[in-house]
Structures are given as structure tokens and as C-alpha cells.
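Read through the structures below before going on.
Two complexes follow with chain A in common, the first pairing it with chain B and the second with chain C.
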Partner chain A sequence: MASVALSEAEKVYIVHGVQPLKITVLKEDLRVDGRGCEDYRCVDVETDVVSNTSGSARVKLGHTDILVGVKAEMGTPKLEKPNEGYLEFFVDCSANATPEFEGRGGDDLGTEIANTLYRIFNNKSSVDLKSLCISPREHCWILYVDVLLLECGGNLFDAISIAVKAALFNTRIPRVRVLEDEEGSKDIELSDDPYDCIRLSVENVPCIVTLCKIGYRHVVDATLQEEACSLASLLVSVTSKGVVTCMRKVGKGSLDPESIFEMMETGKRVGKVLHTSLQNILHKEESLGTKRQKVGFLG
Partner chain B sequence: MAMEMRLPVARKPLSESLGRESKKHLVVPGDTITTDTGFMRGHGTYMGEEKLIASVAGSVERVNKLICVKALKTRYNGEVGDIVVGRITEVQQKRWKVETNSRLDSVLLLSSMNLPGGELAEVQAVFSDGAVSLHTRSLKYGKLGQGVLVQVSPSLVKRQKTHFHDLPCGASVILGNNGFIWIYPTPEHKEEDAGGFIANLEPVSLADREVISRLRNCIVSLVTQRMMLYDTSILYCYEASLPHPIKDILKPEIMEEIVLETRQRLLEQEG
Partner chain C sequence: MPGDHRRIRGPEESQPPQLYAADEEEAPAARDPTRLRPVYARAGLLSQAKGSAYLEAGGTKVLCAVSGPRQAEGGERGGGPAGAGGEAPAALRGRLLCDFRRAPFAGRRRRAPPGGGEERELALALQEALEPAVRLGRYPRAQLEVSALLLEDGGSALAAALTAAALALADAGVEMYDLVVGCGLSRAPGPAPTWLLDPTRLEEERAAAGLTVALMPVLNQVAGLLGSGEGGPTESWAEAVRLGLEGCQRLYPVLQQCLVRAARRRDAAAPL
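Our next item is the complex of A and B:
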């Protein structure tokens, strides 16, 4: 992961800011930029930024910049799940983000993020895969979700999951009909109206909340400097109802089972608020419709 | 807990919001500055095909017969006598490599402080390839203790007589010419060996922390609005931000409001 070098004194300053001097005083949580331990930085979300995709979204969380594009293509369903379509994730860490990602440097991080995305979507309720089926055992929709990391400013997983959810919300899959001839051969017909499409329900799509352990407290939405001070983090993937779909520990340090429990509770709480804000902003953007001023990349 | 999501808003060009009548002459590399051959060529320009062409992206400055282009966003180019804040990245046999946001790493010869960490040093010489040789002139300089580092573009730091400022709000600021700004709590008593070997690792009080966080956010908002950084501008911005909670300063609309107020106060002070 891209990281900054910090001196001992800077790390001590950051750690003391997060954990209070006396254990009884729990009110003292002031991070370097004035946030509390459970505050997120300001998030900018915009959908439909890439025109030749079925759905796209761009999320800016502080200095972290993520672009997600979703393309819907027709293919054959997997053998063990003949009635469902599926999602394929690919994460590209561009050299734009940091020089460490040049050439093959970003591949490790990319595969790690892609595997995490596969895990959090690997359950029946996240996305309704049956709606992606066109004709069982023969045709289905495959959604290729491509994530591009444009800038790395800490808290990658959260930003990526928000962007994936926003892009899936924005995805428009063309409506197809299967026509059967007298001889029995099937033909797939695409409807003439380009706006006739089906949309995915993203009610149960989870979002990741990363909790970094700094000292003996944990913080949400860590910057690069704070990540350099934390030895262990917990990634919790939460749905809008507060259900945890997957949990993963990253980092060299160890976590106490009690702190894992606390972090999970915080993750659930924060996750619910995250989902409500995201739903609100996505609906607001949609309600603006064509009146919305597209900012894109040149704003 | 706070969570705010918003739709992005296109940035307004600054000259509109300033209401400036005279627009700066901005050029990009390859633009013709003038076809008049009577001018002397300064930095950032070259002569080609009978006309003066810009080689960097920036604003054209003209002093009598000298035309030069001042780049708006550039890496730090060292000048003798500058104060810089750097981070030690490598320790070699007789010298250290210091990262100072310039094209090449600067070197710090072993005749100065011993411990790795954040160091404050003065530029002693500039090598021909642009690498800068630093030295820590007196015990006033040296390893820095607890505090916050903010990295900004070097062109935004105003050249002044002194770069150490003890602000009345309770924290101190070192404005390095290379764009690295160090904010730290004002030490209670001036120790003789202020650039000491052991950094003070005691916890900093909450009041000091609030001041430091607020200053950091103010500096970030000044930089986002491309204002020059010097002690007066930082202080005015700090005072303008006092009515708002610290974490709100980074919201775009509050940032604009604070910087506008700062700008007006600075104009009043000059005029």
C-alpha cells in the first residue's frame, strides 16, 4: 500500500491525539485535521462519468480518487449456478496514484482489493444474480466491474466500495427478449429503445468500513499518515441494515478479541450512516436528471 | 459521528471571484511571449525563430527590459540562504539524503545533528545539477520534535526575513522555502540546545492540539485557494476561522468564505 515515512515524534503526536491521556476521559479525540475518531472526510460522489460503460461512478474521499466502470456483457452462466449471472472484479492501481505502482508494482495491491471485493459479494443477498439470467444454462449477463485507482490518500477500501455501489446503482442493462423459433433455435432480441433497460437493486450491496487501530483506540477513515501509525486494521463489510457480510484483518500487528468486537460494533454503526448518506446523495443526483451539471474530470 | 457526501461542484476560476481587472498574462510551454527582440531573456524563456517562447507554464513577469516566466507549480529550486524543512530518507557514510520536494534529494553533511527524523536546515550551496547542499547553521536548527507537516507548492511560500513564527494563538510555524510547513506547539521555555538530540515525546495538551489542527486546516484552505503563505495571512485566516468548528474548515463553502475574508483583511491592511 502506498505509505509515507513519518518520524517517531510525528507518530507519537498522532497516537496521542487519538487516544486520551487518562483512560476515563473518553471525550478527547482530536485527530490532526480536527476530526473525531468516527468522522469521515468530505466525500464527492458523481455517477455516469464514463460514457461508453453501462454504469460508472467517481468517488473522491479527501485525496483518494477512485473511478469505477461497469460493463454488462452476455455470456454463459457458471456450471454450478446455471440460473444466475455473476460479477467479475478487476482493480487497476494506476501509476498516477504513486510511483510505487509503476509497471507491476500495483498488481499485488490490485489483486488484494479484487479478492476482498469478491469475498464481500460472495453471498446470496448482496446482488440479485437471478435477475441477470437471460435463459438458464445458456445466456446470462456478466457484469465486469473495473476499478481504477487514480490517487491514493488513505482509506482505499472504503472509497472503492462506495464507488462500486454507486456504479452498480447507475448501471443500466439493456432489456432483451428470447424468441423461440418453430425449429427450437433461440434468438436474442435487443429492444429498439436505448432507454429501455433494467436496473439492479443495490439495497443490500455492502460497503466496507476500515477501522485502523491506533494506540488502543480505533479510527475510521484514516489518512496516509494515520495508516503509517497503525499496526493493525479491521475491514468490516456492512449492508445498509447493519448486517456484517465479511470481516478481514490486515496489518502486521495483533488485535485483542475484545477490541475486534468493539471495532465491529463501531463498523456497523458507521456503516449504517454511510449507507443512508450514499442512498440520499444517489437519489438526489438522479432526481436532478438532465439538469445536473456534469463536472467530470475537468471541473 | 459525522458523514457528509455531496455532489461535486465545478471550481470557479479565481479571477472571477476576485473581481480583478488586470488579468495576468498566463502562458504554457511553447507559447510566444513577444516578437519584440529588444527584451532580455530571463528564466523560463528561450529564443526561437525570432520570437521569445516560454518554456514553463506560468505567468509572465516583466521588469524593465527583462522578461521571465515564473512557474506556478514547480519543484523546489534551491537558492543560497533559504530555510528548508526536510525529511531524512537515507543515511550514507558521510552524509544524509534529505527529501525536500526538489528534483533531486538534498544532501546534509555529517557535520550536523546525528539522529534521523525531521530536520531544519539552511541551503549552503547549489550543485550544478540542481542538488542542494544543506547545513544546519546553529543549534537553533536541527531535529524537529512533535508536530504536523503540511506539504504545499514551493511557489506559495513568500520569501521573508524570518521563517520561524511564534503565532499569538499558541503554536509556532516554520515556513520552509521548499513548501514544507512545520506546525508545532510553542515550547514553554527556550532551551539552549533547542535543536537537541532527544525529541520531546510528552503528550501535547488538548488546547495546543486544537490550535495546531486549526492552523493546519487554515493552511490547507489557503493553499487550495492559491494564496501566498506568510505569517500575516496565516494569522488572519486563523482568526477568520474561529467561529467555525475545526473539521468544518475543510468544507468547500466554508473554505471559500474564510479565505475571502482573509483576502479582504489583507487588502485593507495594505491599502
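Our next item is the complex of A and C:
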């Protein structure tokens, strides 16, 4: 992750803001930028930013900038699951994000994020994979989700999961039909209408909430400075119904069992709110249709 | 094993015959959800490694070796920022490099040695779980290499690897705050599922969700946590974590005895 130079005094300032000095005093729910412990920074989401993809989204969360492109391609289903399509994730940490990612430097972080994404989607209910099947054992849709990290400002996992959900919402897969000849050879026909496509249901796509432990309290959506003060974090992947699909401890430190239970509850609470706001924004953007003002990369 | 160009590999599309066989495996037998399989642990068995450990739990067999401390490569990082909590600056702290490998014959299907993403992920999980326990500040500019080799996968492989790695580190004489004990859990699919402690390979394959917990028993701190699947609401996951922590505490006395025996053996073998 990008490193930031923090002095001891700055660290103490951040930690004391988050946790109260005296336990009898009212809790000081105050972080350096004035947010409470469970508040997110302002999130900008825009979909359909890249024209060559089946779906794309760009998310700006504070200084973190993520671009996700989804391409749907036809391929053969996996042997163990012949009736389903699947998703492939690839994460690229571009050298623009921080100088440490130059050359192969960002590969480790990229594989870590990609593995986490595989884990959170590794269950039956997140994405309806059966709808991606064209003909069993022979053809299916493979969704290549490519994540590009443009700028790193802390809290990468959350921003990436929001961007992936928005991109999957925006994905339009062309409708195909399988025609069988008399000899039994199959032919795939793409419909002529470019707007005739199937959309994925993203109701159950989870979002990641990272809770960083600072002192003995935990905060949501940590900036780079706050991440430098925290020894351990818990990554929880929550769906809109409050179902947890993945849990992972990140960082060099250890966590108390009681604080893990508290963090899970906070993660579920914050995750539900995040999902409702994201759904509202995505539906609103969709309803604007062609009247929508495209901001793109200049805003 | 990596980059092995001389060995003749099987054809690209080779598959095991079980895929075409009728599905005749019975469902795993009902059992007490809190039972732990009997564990055999032995430390100090490899002559070439600084510390080593072998752990067997049911059908899972893991061998772990530790080497180091030796000079850290890529030491040109310069004076990094001071770590959180006032420890030595990042450049002066020691590093723990973990490697997790599966033998090609470990699972039901043969997997060629560069195992791809899964081995990297488990190696990272090993590192994140062992770092809280090792006093890396006492090994400035050095690196410790931990390599775990899974000989047979009989369920809860990551948990067994974690425990074996901690035993190997202790056997190597690396300064640690506490041992790390790992425990695996899985949740069967179905209407009223319960979490099963220490699942076998069959139970893990049919599971809807799996979880591995790593605990430092004396300090009672969770060193590592990795879980995924359709676990259900947070209460269900919380119950699983509690069950896992309890399992780890139950396993601790066996590991203590193993280390004591290894120390006695080393004592007896040392020339007077």
C-alpha cells in the first residue's frame, strides 16, 4: 500500500481523536477531517465511462480513484460447473497511483485484491451464474472484470467493491440464440438490435466494508494517515440484506475476539446503508437516460 | 519444481476418471460438531532447516520449515516512517516471508506445482497470522523464511499449516510473543446448518461456507481470520468464530507437549 510519513505527534493526535481519553467522558467521535467513526467520505460514482466495454464504472472516494471495465466474452464453461458462466477478476495497480507501484511493484497488491474479489463472489447467491450459460457444457458467458487503480488514497477495498457493483449493474450482455442444424452442428446467432441485451441482477452483489482498529475503537473508511496508525483491520463483505459473504483480518497486528464481534456488527450496519444509497444513485443515473450529463475524466 | 522444463507433463486436457464416474459418494456421516480430530505433532525433524515441524490431523499432513534469520534482500528502502505504536522504523524491522505449497498429489486431482492464485493467497494469510506473534523488531534488517508444504489435503489445510508454521518458528528459536494455533470450520448447506469444527475433506467440499481462525492462546488475541461463502447473518459468523477459538484453546496443550519433547530430544542429542 502507499506509505505516508507521519510523525509520532500526528499519530497520537489521530488516535486521541478517535478514542476518548477518559472512559467516563462522552465518546469523542471525531476524526481529523471532522467525520464520525462510521462515516464515509463523499463518493462519486459514474457508470458507462468507457465505450468499448460491456459495462464500466468509475468511483472516486476521497483521493482514491478506481476504474472498472467489464467485458463479456464467450467461452467454455468450467468442467465442474457445466451449466454456469463465471467471472474473472484482474486488478492492475497503475504506476500513477503511487511511485511504489512502478514496474512489478504493484503486482502483490493486485493479486491480493483480485483474490479477495474471487472470495467475495465465491458463493451461489452473489451473481446468478446460470443466466450466463448459453448451452450447457459448450458455451457460456465469461465476464472479465478488470479493475484499474488510478489513485491510492486509502480504503482501496471498499472503493473497488463499489466500483465493481456499479460496473456489473451497467453491464449489457448481447442476447444470443443457439440454432441447431439437421446434422446437429450448432450455430450461435447474435441479435441484430444493439440494444437487445440481458442485464445482470446486482441485488445480492456484496460490498466490502473495511474497519480499521485505531486504539481500541474502529473506524470505517480510513484515509492513508489513519491506516498508518492502525495495526489491524477487519474486512467484511456484506450484501444489501445484511448477509456476510467474506471475512478477513488484514494487517500486522492481532485483534481481540470481542472487538471482532463489534466490528462485524458495525460492518453490517454500515454496509446496509451503503447499499441503499448506492442502489438509489445507480437507479437515478439510469433513469436520467440520454439526458445525463457525462462528466468523464475532466470533472 | 518451479520452471521445470525437463519433466514430461501429462497432456493438456488430461482429466481424472472420477469426473465421468457416477456420483456415488455418500454424504459425510453425522458427527459431534465440536469434535477435533486427534493431532500428531512433531518438531525438529529436518536436519537442514533451522526449525521444522510436521503436523498430522486426520488425513491432513503438513510439513513446515523455517530458515533464517538472514540478511534481507532489497534493503535499499531507506529510512521508512516509524511503524504504528512506536516500533522500530519499517526499514529496520525484520521481515517474515511465507510460502505455501501443495504437493501435486495432495488433492484428488493432480495440480501442477505453480499453483497460481490460491497458493499466493494462503501464503499471505499465513504471513498475516504469524506476524503478530513474532517479535520482528528483534531481527532488524533480517528476514525469516517460512515454507509450508501440504502433503495431503484432508480438510482444514490452512489451519494445519498455520499451527505447523508456528511450531517450526518456536523450534527454530525465533523470539515470539505466543504460539499461533489454527482451527478450521465449515458450514454444511441446508435449511438448518450448524458450523462444524475441523472439517474433513468431504465436509469441506460440500460446505456452503468455510472459515479459518488463528488464535494466540495465552494472550487470547485473534492473529488471523479468513472466511468466505454463504455463512448467513453476522450472528452465525460470530458463533463460528467462538467455536473456532474454543477449538484452538483445546489444541494448545498438545502443542506445548510437542515442543517440550523436541527440546528434550535436542538436549539428549547434543554432545556434552
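Everything that follows uses one rule, which is that the second predicted complex is superposed on the first by the 295 of 299 C-alpha atoms of A that agree within 3 Å, B and C clash if a C-alpha of one lies under 4 Å from a C-alpha of the other, contacts with A are read in each partner's own complex, and residues count from 1 in each chain.
Here is the rule we go by: a contact is a pair of C-beta atoms (placed from the backbone, for glycine too) under 8 Å apart; a residue touches a chain by one contact, two chains touch by 3 or more.
Values in this document were obtained by computation on a predicted structure and should not be read as measured data.
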Chain A as common anchor, with chain B and chain C clashing or fitting: fit
Which superposed partner A:G17 touches (first chain B, second chain C, both, neither): first
Chain B versus chain C as contact partner of A:I120, first or second or both or neither: second
Which superposed partner A:V43 touches (first chain B, second chain C, both, neither): first
Which of chain B and chain C A:G34 touches, first, second, both or neither: first
Spatial angle chain C-chain A-chain B, Cα centroids [nearest 10 degrees]: 110
First, second, both or neither for A:T111, with chain B first and chain C second: second
First, second, both or neither for A:G242, with chain B first and chain C second: second
Partner chain(s) touched by A:S277 [first = chain B, second = chain C, both, neither]: first
Distance of closest approach, chain C and chain B, by C-alpha atoms in Å: 5
Chain A residues contacted in one complex by chain B, in the other by chain C: 5, 8
Contact footprint of chain A on chain C as seen in their complex: 15, 19, 80-86, 90, 117-118, 120-121, 124, 128-129, 131-133, 208-209, 211, 216, 219-234, 237-238, 241-242, 245
Chain B - residues contacting chain A, complex: 1-11, 87, 89, 116-118, 144-149, 199-201, 203-204, 206, 209-210, 212-214, 216-217, 245-247, 249-252
Sites on chain A touched by chain B in the complex: 5, 7-10, 12-13, 16-17, 21, 28, 30-36, 38-46, 60, 220, 269-270, 273-274, 277-278, 280-281, 284-285, 292-293, 295, 299
For the chain A and chain C complex, residues of the former touching the latter: 3-6, 8, 11, 79, 111-112, 114-115, 118-120, 122-125, 228-232, 234, 237, 242-257, 260-261, 264-265, 267-268
